[in-house]
Amino acid sequence: MDKRRTDLAVEAAQLLREGGSPGALEGVLQEETEREGWPVTVVKITDDRGAKAIGKPVGSYVTIDLAGLARREEDAFGRAARAVAAELTALLDLPAGAPVLVVGLGNRAITPDNIGPKAADHTLVTRHLVEKLPEQFGSFRPVAALAAGVLGTTGVESGELVRAVAEKVRPACILAVDALAARSVTRVCATVQLADTGITPGSGVGNARAALDRGSLGVPVIAIGVPTVVDGATLAADLLAEAGKAHLDPQALRGAGSGLLVTPRDIDARVADLAKVVGYGINLALHPGLTLADIELFLS
Amino acid sequence: MDKRRTDLAVEAAQLLREGGSPGALEGVLQEETEREGWPVTVVKITDDRGAKAIGKPVGSYVTIDLAGLARREEDAFGRAARAVAAELTALLDLPAGAPVLVVGLGNRAITPDNIGPKAADHTLVTRHLVEKLPEQFGSFRPVAALAAGVLGTTGVESGELVRAVAEKVRPACILAVDALAARSVTRVCATVQLADTGITPGSGVGNARAALDRGSLGVPVIAIGVPTVVDGATLAADLLAEAGKAHLDPQALRGAGSGLLVTPRDIDARVADLAKVVGYGINLALHPGLTLADIELFLS
Amino acid sequence: MDKRRTDLAVEAAQLLREGGSPGALEGVLQEETEREGWPVTVVKITDDRGAKAIGKPVGSYVTIDLAGLARREEDAFGRAARAVAAELTALLDLPAGAPVLVVGLGNRAITPDNIGPKAADHTLVTRHLVEKLPEQFGSFRPVAALAAGVLGTTGVESGELVRAVAEKVRPACILAVDALAARSVTRVCATVQLADTGITPGSGVGNARAALDRGSLGVPVIAIGVPTVVDGATLAADLLAEAGKAHLDPQALRGAGSGLLVTPRDIDARVADLAKVVGYGINLALHPGLTLADIELFLS
Amino acid sequence: MDKRRTDLAVEAAQLLREGGSPGALEGVLQEETEREGWPVTVVKITDDRGAKAIGKPVGSYVTIDLAGLARREEDAFGRAARAVAAELTALLDLPAGAPVLVVGLGNRAITPDNIGPKAADHTLVTRHLVEKLPEQFGSFRPVAALAAGVLGTTGVESGELVRAVAEKVRPACILAVDALAARSVTRVCATVQLADTGITPGSGVGNARAALDRGSLGVPVIAIGVPTVVDGATLAADLLAEAGKAHLDPQALRGAGSGLLVTPRDIDARVADLAKVVGYGINLALHPGLTLADIELFLS
């Protein structure tokens, strides 16, 4: 089975269940809940059997289904940001005042890959204020942000760059925002996945990045991922299955569709919206005393 | 048959041939040539039988295959711009000094749709200079350029806007640059189609725009189109056919893939390159005395 | 006296008063009021004597002092947008449902000149919705928006372009947003001037644009101007006067300072803020049933 | 004397000479030469007397006068890039193949401050290629580039960030590109200053950045500065002096003009041009085997 066709644990688990191999889901727990009106699925990989079956490290993977955001439901933006904040808070275990580093991965110049840099733009950066004006900003958590240029524009691996900055900032925790690949077109630009495992090599849409996790960075790394693309071959299989034609192995089609990305027609607007949801969700989680209006004021 | 799945006459003709219905290509002539080292295919629809079969108006459709551009072959940019200029010149029948209006259609904020506005950015605009400084610029052809905002950002149809400006500028000819949808992934961001028919309703990737042709505008309209997307359902069929699995009707898959675009991974860079090729090609065709270096100097 | 050194009627009137020539302010009325907590000054030029003295056409010039916006006072953005809306409403005399054309003048690529295009970006464009989906949007006023490219990028004068579009849209009124030059550095990026006179030739920062007024366009034109620059020579005189050194004629310094613009250090952020204030103010004035939150939802 | 009103050693030396204090220029040598047709001035501060008088560290300051660039003289761009490359090469003492880190300082969102980030965009980044594809790119010098976000967007001081990356990249030399303040309006956007002293605290336009020099970074730092602004008070004094009115101390005017920047009207275009000159000059100096055309090909 091709485990790389999705970065979403919830999809990988679903594929396993559909495959129906007995015992395939040992070491994997799944729970459906709700947050601020959005469906939430938590997949917990509890041991090596689960990790091997799902193809991801042991840890918790929380998927928030924000499909309603694009429909501009009432207070959709506020509810989405608060849901991200609440699920993020549940994964974090941060002492008040402990510094945090937010990393926006991906290439700013490529629309489906720039959700990380754009989310970093929406992050309330406070570290310099806390250090220079402690009497005024001393009650804020020090937050630094880094929109890691990709390899091609800096010549430095994202992982190296994050490590270098982390050694200066010495954060208690790193939040890494990145674009993901999904298997199902219905999840693209419609979900956010939070994982307490960091980012591991081999994930992503074909551009393997170095691991960003507790092992490599020495502090917990929460990955915040948004699927923005489906690869061409995976789409083909999906469409056929939906059309009842066949259940083909995307691997067989891989050569044909390689180098192609499938995105929603309105990808630019949806990535912009989700980057703001993620950025504001991070802000609410890291500065629990602030409201969305406060953040809007600070950032504008 | 679904004739709307491609905006390229060369693909529509190929589909007909593959369909093999006898007499299907009556009223259609096709010729393969070469320009500056690039393969060129001219499809001529000579009468109503051809127009009905191909699903496009009577006229000439010239496709330049620029696949080598992305490989950065030697002098690839210069050869591509000169090839566009030469084929454009062959379609134009412009007296020296006759004014021309260049229109960049599409939405600047959506990468695969912004080739038109970007090509307009690369167009050498001279009309105001010719009018205000005739002693200095009198030998130039007066060229005006318009990057038509899409409907949603102006509230005015592109067609209305172009007509309004054309009434002021009174051009002898209009060049309209637009993004197209292709059927085959191999042609996306790899070809330029020039057509002396203007742009007709019903083409495009689902956003029918009003006709921009001699009928509506009163002057010849040359359409310069670059395929930048494939629709999701069409891709599925293509991939399957390539994989030898089946030859499915994309129509059957249409519901599943609707709202999805398939683009190359490096769509941003390739659209930028092709917009420059088209813009410089237009400049060379409209100002035959200038070199690429001259244009670079004027535009920078 | 050099009347071109300011586009603000309130400054021109102040200069006259400082000059102290008897009778200089005949035909000019001035009133100080307040709107949403911001100081408002209305200069009314009532006859030709006033027009000649001030150097601007007969009409009303309303200046809203938004200096507090940069200090991020509480609800500053909302109060500013509502103040612009209220003063604009007082100048407009629009039947419900009458169409309006919003024009953003200036060059998008030059920061202090792009307030017009950016304000147009924040305008709620409804004309196409009202026409195509009347049952759903029939209660909205039809609004079209045009970010006029400058001469150099289109080859078409802003005035020609606006006239061309106005002939298609047939608005009951045109709102034209433009950057202005102020005389005093304290007014730069700190005020909005509304004038019911349209925009007249010879104003601006050295790039005279064709008149956009009732005479040339056939419908009332409200000019919404934001001073974003001071010219170099004017600044020199201002600084010296403030330092008590001398009261020099900027004309004498003009050669030296020509080609220079003086802007606030944070010009980019302040132009962005004011463009949003102006755009939202226009939206509130044209669609009195909407709140700021509604507009945020429609535009995002 | 106010030594902070200019970042250009050539201007500081000129001020001293104008002041006429005997012996003021001991420890300072100045030489006028030419490179690719552009005037070049080298100011050498040879000891502490010179350093104290000029207000800058001991070292060489090379100013290339590129005023002709804006006039688009023939081959102006190529000559300017080659002149920067030649002067840079003269300051560098780099073994072939030694790695280099290029740092673009300044805030990308503020036009006169973004010359550093933009020059970094034009830098040919090769470090990842040399490391991953040594057989193909082994003959290239490994070059990494970093567009340092400013404090407010990352919460990390530029200096800290550069140090962090330098510890990973271990360059033999750092090139730091930054915007400067000039005293004379005629030098703004018209000169490039190269200095082998790095960047020292207290320089710049009021935003003191931490030192980037051999002392703090352990390797030679070449500063490449482009003056893009004059401060408001300095301009006032300059204009008056030119107009023959007085020779005022800008310090007296400082309060009035503070917070204001004076820039050329066409600042956006000129910063873009100079960033490209600097970036290409760096590329030519670091990769002596390449031509401008090669670089264009690699970067596009």
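Each chain carries a letter (A, B, C and D) given by its place in the written order, and its residues are counted from 1.
The working rule: a residue touches a chain if its C-beta (ideal position, glycine included) is under 8 Å from a C-beta of that chain, and two chains touch if they have at least 3 such contacts.
A quick note: this is a predicted structure, and the numbers were derived from the prediction, not measured.
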Select the interface copy of B-C from among A-B, A-D or C-D: the correct pair shares over half of its contact pairs, counted by residue number. A-D
Quick check on chain A against chain D: do more than half of the interface residue numbers occur in both copies, making it same, or fewer, making it different? same
Just the number, please: Cα centre separation of chain A and chain C in whole Å. 43
Indicate the whole-number Å distance between the mean C-alpha point of chain A and the mean C-alpha point of chain D. 39
How many Å are there between the centre of chain C and the centre of chain D, using C-alpha atoms for each centre? 38
In the complex, chain A residues that touch chain B: 109-111, 185, 205-206, 232-233, 235-236, 238-240, 242-243, 245-246, 248, 252-253, 256-257, 259-269
Chain A - residues contacting chain D, complex: 121, 125-128, 142-147, 149, 151-157, 160-161, 163-165, 167-169
